[in-house]
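The two complexes that follow have chain A in common; it is paired with chain B in the first and with chain C in the second.
On to the complex of A and B.
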């Protein structure tokens, strides 16, 4: 009996944390799905009204489209750049340790700081990028103020910020490929490209799978960058699903509706990741 | 052993829950908790007023406390309301938020007090008392201070362009814009503009561009009349057209303001839409020889009569959680008496919402020392607050969406943008 109590005591920090920060919010958000709540007034039961509103909300679908558009640019770009850097850093180059640290640096710097830095870089009139572009005689680019370019610009920035993490993951994958395979390929007279295509890529496909899943999940949670850089504009072109949910919840205090949007969005995210798993797992050799 | 440890832990936990903002002191007597804004000027003001009150009313001690630090004081008040840790009285509530709390029964109705009418009549005009009234007919706020929105302009740039004063109409403004907005480095793009506004489509940014111009163009109208939508379409179209011309012709930059580079003080823009807080800011950071002045907002051509603007008011409210409503009301009266209004002006350079302030002898010395504030005090007679509605932010979001589409990206005509804006506002109000 006493041992039980000691056990519960040791468990209690986690249990309290779990109850307060996980179980309660999840249960409460499920309750909110069927209620209208503006934080200060009592909950008002509205049945399925929040759900019908979601399916009539054009702006939510626009935000979903934007999120997928971001993912379509961000994930391939992230994988290509991370893999390229990992392959280079896996070779015996000078200052390898230094470069590995440098590429990882943006990952540990606050997203807000990086976003503000890139805000300056992208500035239409005085940004460094436009100064460089204009110095070679090209017209300046409306990185964040053009509805067509704003989301790709954010995707480039997000890639720059996160690539270090995926470089590390790919490096781990690359270092686990047995050297004997490359030696055998050398004996057979394989070119560098053939070795990369036929040995490296198949051997790191489990890492590849993990990178795709992780960058999909992080891409779906796109928030800080548009929140600080564009506020979701221009013309809602960078309004991500999470930013839209945030606006509904904390700008307009439509907590019930925001919870419903979050619920629908979570189902979409879950479905996408499930499909990715089904597609990619077929080729993964663990 | 364990029992003792548990009971000790429980005791500490209960003690910590017992520490709240309210409101009896140790002897069980009355104590009022008053939250002020958390900038140093207003903390000094609260200190001065509260110390005077406590000397005069030792039976009703007041404890002042700056509103806790957060992203905004609005958020902190919301957190306090949700957490039931509200003070008795708060003096910096954005008037646009009042109705949100009124709907949730979080504010005390002030006109329930028998002396409300006489107290209000001493400080406010009838027009302002009506502005304070909620749709349910009650008054839950005392408009405390106002920051009338005007144009600040760089006198040197305007004089060099041949203007001895700021343009008063849209066409004059656009003519001046054509001269002032120039490409200084010859790269084919303007790098000096006549004006600037935040291009982000956030609802609150429209309080400082579209809304004051709309109030001005409509001769002092807001969006609602007796709770019903009553947008002055013609005025709204004129304002959208005006701003559209500014962006279309590169008279305003596509710029997200940066904290590190003040485009006005650096001379990159010749004017901006702003309030009296700009005086302190400019005096602190202006380069040597920088000359500036304030002017009313330009109005549509051929418009006569006074130029109205947005008041950007802050209100005093008493939370319904107070255990001492009468005493809190008494302290609220103390906060808006003439001497406290003088402290407000003198210590914070913010205008009290008091009529006849320019002709009152008490305030004369201040205005003599601070002549730029006279423009704001004059304008204060011609201001409007926001409408009393709990969906104010949604209404401004509708404006913001259309402002962006029509003004910034010229994807809609002003007529279409106003039509869409009104339709969306109708939906929001439903």
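On to the complex of A and C.
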């Protein structure tokens, strides 16, 4: 009896927080989906107009395309580099802790710093990357000023920032693979590649899944990188989902429409994660 | 032998690839504007003028204080409230406990894109825009933190809690005086994760704070970089970025093991 009362008492901060900062906003966002609102004047009911507008909105599809373009480069690159470094670090390596700490440094540093730094590295004329490229006699690259390259450039930077985290996650996964499996494979005379393909990869499938999901979520959350580097340009080629929601809400004060965009993007993110889950689970199922 | 050489070369090349840009950034901030852009990290002339200009143009010390106040308050709130909820969900028996647990698991899956706009409107209604409250109160609870505390408290022997109850300790006393000292790793993990998330967040401050004196450090530096006030001077921008990176890098260099381990657990979220 006493525990009943104390239990709810201990949960009360959570319950109050949940009611005010989660339940209410969610209910309110459901209301907003069917209204037009600029914060100042009263809510105006518009039925399904916000939704029909989303599906006719070229910029919405552009932002969606940009997000997938980002993910298609970011996820494979992230996995290849992280897995490569993790496999090397998982061997008998001196200074393993040192290397791990260096690779992890960009993970802890604010995305604002990373973006400002890479903004300079990518600079067309004075950027470090173009200086390097020109010093070996190749033409300079329009990293951020070409609509085709701007998003891949941001994806490369995001990989550079996050890959240390995934190195650590893969290392944890690799260390859970029983040594005896490799010893058995050695007796059978398996090559390094066969061991990697037949033992390591299947055994770290759950880490794999985690990396894909976390990268997908970060792609749908992309904001500060295009906000600082390109403002969404050139020609909206780096307009991300969150940046577009932000612009609709705080540049144009279309609160109802911005809430609808958020809702639709969240549904898409959810669907993508579910599909990834299905595909990756089927892969393990042999 | 050649194989080992190859492995170490790969590791070193990647280490340079991750570290050199930071080194270059710091060196660049000590260069006069005319020398910026050079590839090398050996400055020909050294100057402090970039830093002096940053301190003159933006209230960066004030922003550092704001960030510290906000991050410490949020972290303290999260540790207290999440450990209370985690304790209730693991060591107190009451009706509705499982329902609440599933509710918490469910809320972890909600993407922030759904709640961003209505939460901002809530801040407008509460008249919290341009106050510390908007930066602190909405974040003093974390579903992931509750789960971590719950998992940890489940590993503590029931005998210990029973003995404390027989001695007449209140549940508050049991949680904060007996269980907390036994939960240092979990406190550190939840603490670092919360602190880092809040310290590095920019989107929310940009939305709810417009008064320059209340801005957090990443927000102030962002607006300095994209607004016109740095006058396109790269040395100034990078000096402000270096100041923004400094507190976390110093903390990281002392406690890197804890940072890495804490952030690796955040991977378990999915």
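Following the convention adopted for this analysis, the second predicted complex is superposed on the first by the 273 of 286 C-alpha atoms of A that agree within 3 Å, B and C clash if a C-alpha of one lies under 4 Å from a C-alpha of the other, contacts with A are read in each partner's own complex, and residues count from 1 in each chain.
Methods note: contacts are C-beta pairs under 8 Å (C-beta built on N, C-alpha and C of every residue); 3 or more make two chains touch, one makes a residue touch a chain.
Model, not experiment: these values are computed from the prediction.
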Which of chain B and chain C A:204 touches, first, second, both or neither: neither
First, second, both or neither for A:11, with chain B first and chain C second: second
Which of chain B and chain C A:120 touches, first, second, both or neither: both
Partner chain(s) touched by A:168 [first = chain B, second = chain C, both, neither]: second
Which of chain B and chain C A:142 touches, first, second, both or neither: first
More chain A residues in contact [chain B versus chain C]: C
Partner chain(s) touched by A:39 [first = chain B, second = chain C, both, neither]: both
Partner chain(s) touched by A:134 [first = chain B, second = chain C, both, neither]: first
Residues on chain A lying within both footprints (that of chain B and that of chain C): 39, 120, 126, 231
Contact set on chain A toward chain C in their complex: 3-4, 6-8, 10-11, 13-15, 17-18, 20-22, 24-26, 28-29, 32, 39, 84-85, 88-89, 91, 93, 97, 99-113, 116-118, 120-121, 126, 128, 131-132, 160, 164-165, 168-169, 172, 209-210, 213-214, 217, 220-221, 223-224, 227-228, 231, 241-242, 245-246, 249-250, 255, 258-259, 262-263, 265-266, 269-270
Residues of chain A that touch chain B when the two form their complex: 2, 5, 38-41, 119-120, 123-126, 134, 139-140, 142, 144-145, 147, 229-236, 251-253
Contacting residues of chain B [partner chain A, same complex]: 2, 78, 81-82, 100-101, 103-104, 106, 187-189, 191, 199-203, 253-256, 258, 261, 390, 393-394, 397, 401, 404-405, 408-409, 411
Residues of chain C that touch chain A when the two form their complex: 7-8, 10-11, 14-15, 17-19, 21-22, 24-25, 36-37, 39, 81, 84-85, 87-89, 92-97, 100, 103-104, 107, 110-122, 124, 137-138, 140-141, 146, 171, 175, 196, 199-200, 202-203, 207, 218, 221-222, 225-226, 234, 237-238, 241-242, 244-245, 248-249, 252, 256-257, 259-260, 263-264, 267-270
